[in-house]
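Just below sit the structures, each encoded as structure tokens.
After this come two complexes, each holding chain A, first together with chain B and then together with chain C.
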Partner chain A sequence: MGAEGKARIREFILDNITETELADDDDIFERGLVRSMFVMQLVVFVEQEFGVQVTGDDLRFEHFRSVDRVDELVARKLAAV
Partner chain B sequence: MPHDPDAFARFTDERLIPNAGAWDQAEHLDDEIVKDLAAARWLVPTLPSAAGGTGMDVETYGLLSEELGRGCGSVRNLVAVQGMVAHAILRWGSKDLADRWAPAIGTGTTIGAFALTEPDVGSDARNGTTTARAVPGGYEITGRKKWISFAQRAGVFLVFAQLDGDPAAFVVERDTPGLTVSPISGLLGLRASELGEVVLDAVEVPSSNLLSHGRLTFDLVATSSLDYGRFSTACGCVGLAQACLTASLDYARDRVQFGVPLAEHQLVRRALTEMITSVEAARLLCRQAGTMRATSHRDAIRQTLIAKYAASRTAFDVATNAVQLHGANGIGSGFPVQRHLRDAKIQEIIEGTTQIQQLQIADLTLARH
Partner chain C sequence: MRAVRVALADPVPDGLAGELAKRLFFVSSAIAEFDLVAAGGVITGVDLVLSGDESESAIAAKIGKVVTAEVLTQRALPPRQVWRSAISVESFTDPFPLLLAADSAFVAGEGQVGFGEPVLSLVDYLDERLRSIALALPRSREFRYPTLLPTSVLDRFGYFGSFPQFAMFVTRLHNDIDVYNGFVDRYRAAGRLPDDLFDQCGDKEYCLPPTMCYHTYHQYTGRRLADEMVVTARGKSFRYESRYHTSMERLWDFTIREIVFLGGESFATECRDSVMAQAYALLEELGLAGHCEVANDPFFGNPDTAGKILSQRMLELKFELRVPVAEDRTIAVGSFNLHGQFFGESFDITGSDAAPVASGCVGFGLERLAYAFLCQHGTDPAGWPTSVTDRIGDPGAARP
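Take a look at the complex of A and B:
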């Protein structure tokens, strides 16, 4: 989806974690940066920000692990619209 | 039926308030009220029309939940649970599952139950011990679920279990061999919520009944359902507190002690002021959460937690004050405040206990920049 989309995703994640820096391939769960409720917050953000709907076909944890993975999910959803 | 607060209030005044005490005593809802809710498409009004709802917006749903909570906590709970199950299946399930079950629940053809909690696992629901294993053509589920609202009436269960070490959710029909439901009676509150213990003894379901498998089954499917239920609970608590406040105002005006109405006593006025203020504050928090949810605001989930935390504590405090203000009459069956007090305590336990929320709200807020 590109740098602009990734920046929006990164900004949202940084707004909700105590860290101040985040690489696009950082695994936010492996690094212990977020709690379980964060996936739900991330989905609400992605749906509102990018106008896509996350559905049962997207229920894979890997999609939400990093800025890169979320960006890929959004790009795939937008391409399917 | 029109979707405006006046219609909700009329329904509560005419259908719930006159009967809620009897349902509480019977530990059962009348079938007719369930049919009435279904006829109005209020069991899951937030579903699209094609799926058995009315496409009701979130803010209006909050108003409906508040009004139902003003009359009967168990009816409000029924509507919340139907929404939790139907929306989970509609959103996360296959088209076949969604087409079959969302309209069935929305129209009241089938009642749904959310089977997450277990005898030994409540707040720690992620670590449930119900297990599923693959068998030819599907899955076999074995375990025990407890404190399941409307299990006694349900025709379909959304069952959470461990499958290959990861959480999974299954749609399980009531008449599946090996599934039995035992009613749970003698509850403190929400007595008409027809709770049950569900035993799954090698229950086999077809592979198509697997709704979700993997970590997101808990982190997204279950949490989203609980978030939906939490908003309903929060708004219902405002209604419960409002019912206690209204009853207390009426009682304070009419009851004469020491030659004057209770309302003329300064300590009674102080209690009323505390009740009035906290009800208004809780209502505003719920309205704020509703507005944020309607716009998918990025802070909507945290605001819903805050609304539920505040409203459930308010409901218990206001109900306690209401019973105290009613004196001996407050503990009798002739006034509804004792039922509301018992129901209010349950609101501090369901959809996240007060103590879990004390952790979550601080966690989410500390993480924000």
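Take a look at the complex of A and C:
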């Protein structure tokens, strides 16, 4: 993944929060930008947007805390396809 | 009664079969019995026994709706056990028929069981042990709460939107002389309660508490706590469990020993971890097999169900202590929960820094714990571990 993938992830998160700016390493849960339930939307977004399956041990909260973390998960999943 | 098979439009993965099974009796009151139909590693349909007049197609549509909205949207996380008892069970007893035959238990209604010795002494002993664990925690105090809980308390944090299936309301004839007179006239004329009884019972200020900790948040609403604290309470708790009620395993009307932690996140976590460790030790002292695993609350009937379950499991906010009651079945006898600032914010409970407190709670189902004990040790105290009988003496066996 690269800048383009991160941009898609960042855009999706920005569409769902009231803030207009987001750093790639911002912990969106710890900063209180979204409720914990938002992780479900992120899982579904990653699967649909990048065509990967997020299952089992991928379903860990730390993979979804920031744009950077989601990007790393997607890169790892795409590399395994 | 009619037997029908409903095919599922989209098969349910085997890993989510339990999530389907725990919802079916809430889908329609017409469903009297069900069996999941499995083929090729997925659930393809449901065999139903139906009562009443509701059409099969209407019930099939309701099942389809729940499967689509609340089951298939879920992500099955691999089970994660965090503790396992060193004790294994050699054989199980099915204690309920023995207790009934010996007049040690009495079925008072759906999900309602009365009990006497030796269960009574066992339940009291288990509660005393758990109470001691609670009272040894920092700045701990005990309360006894009224049974009724204002509905506004549950309303305050959205309970009814998450668990509408469990709520049990308390009402009465509306206090108005015309209502009383009209009611008495009709009751005497018909010799029975009118079918439209609840049209005259509009008052809905109170409900039955689904657990004890809500009384505690209610108690401290709007208060600034001088220090972190622990509250414990034992009380009757009520959840409408539809046809899922089973012997003393799953009751509509049961008793919880609850321990609530109010303070910083680390205080709540440390208290919860301490109770978990002591509960494990108690289980082994009681000679019980069991384990503790990551769990989730039974959210139902709302579009957020899958998201709530997934986030709760991923954050590992809930653990259940599960004890086997048969070769192929375990029941949860306790749960250990962290809530973040959810209840602190919902009830405006603040700490010395004026910020909302974090909370956690632990609840033990006393009838369930006692029942699991009887399943593993039998109904005769002569066969119970001496660690128990030395403390409670001889309560008398369940004898016909």
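As a convention for this text, the second predicted complex is superposed on the first by the 81 of 81 C-alpha atoms of A that agree within 3 Å, B and C clash if a C-alpha of one lies under 4 Å from a C-alpha of the other, contacts with A are read in each partner's own complex, and residues count from 1 in each chain.
Following the convention adopted for this analysis, contacts are C-beta pairs under 8 Å (C-beta built on N, C-alpha and C of every residue); 3 or more make two chains touch, one makes a residue touch a chain.
Just so it is clear, the structure is predicted and the values come from calculations on it, not from any experiment.
A.B. asks: Overlaying the two complexes on chain A, which is it for chain B and chain C: clash or fit?
C.D. replies: clash
A.B. asks: Touching A:Arg60 in the superposition: chain B (first), chain C (second), both, neither?
C.D. replies: After superposition on chain A, A:Arg60 lies in contact with both partners, chain B and chain C.
A.B. asks: Can A:Leu14 be said to touch chain B (first), chain C (second), both, or neither?
C.D. replies: first
A.B. asks: Who wins on chain A residues touched, chain B or chain C?
C.D. replies: After superposition, B is the partner touching more of chain A.
A.B. asks: Kindly classify A:Phe45 by the partners it touches after superposition: chain B alone (first), chain C alone (second), both, or neither?
C.D. replies: In the superposed model, A:Phe45 contacts chain B only, not chain C.
A.B. asks: Given 94-102, 310-318 or 382-390, which one is the stretch of chain C whose C-alpha atoms run into chain B?
C.D. replies: So the stretch of chain C colliding with chain B after superposition is 310-318.
A.B. asks: Can you pull the chain A residues that chain B and chain C both touch?
C.D. replies: 36-37, 39-41, 43, 55-56, 59-61
A.B. asks: Help me check something: in the complex, which residues belonging to chain C touch chain A?
C.D. replies: Residues of chain C touching chain A: 73, 75-78, 304, 306-308, 310-315.
A.B. asks: Please give the residue numbers of chain A that touch chain B in the complex, ascending.
C.D. replies: 12, 14-18, 20, 34-37, 39-41, 43-45, 47-48, 55-56, 59-61, 64
A.B. asks: Applying the document's contact rule, which stretches of chain A touch chain C when the two form their complex?
C.D. replies: Answer in residue numbers: 36-41, 43, 54-57, 59-61.
A.B. asks: Which residues of chain B touch chain A in the complex?
C.D. replies: It comes out as residues 91-94, 126, 211-212, 214-221, 223-224, 227, 295-298, 300-302, 360, 363-364, 366-369.
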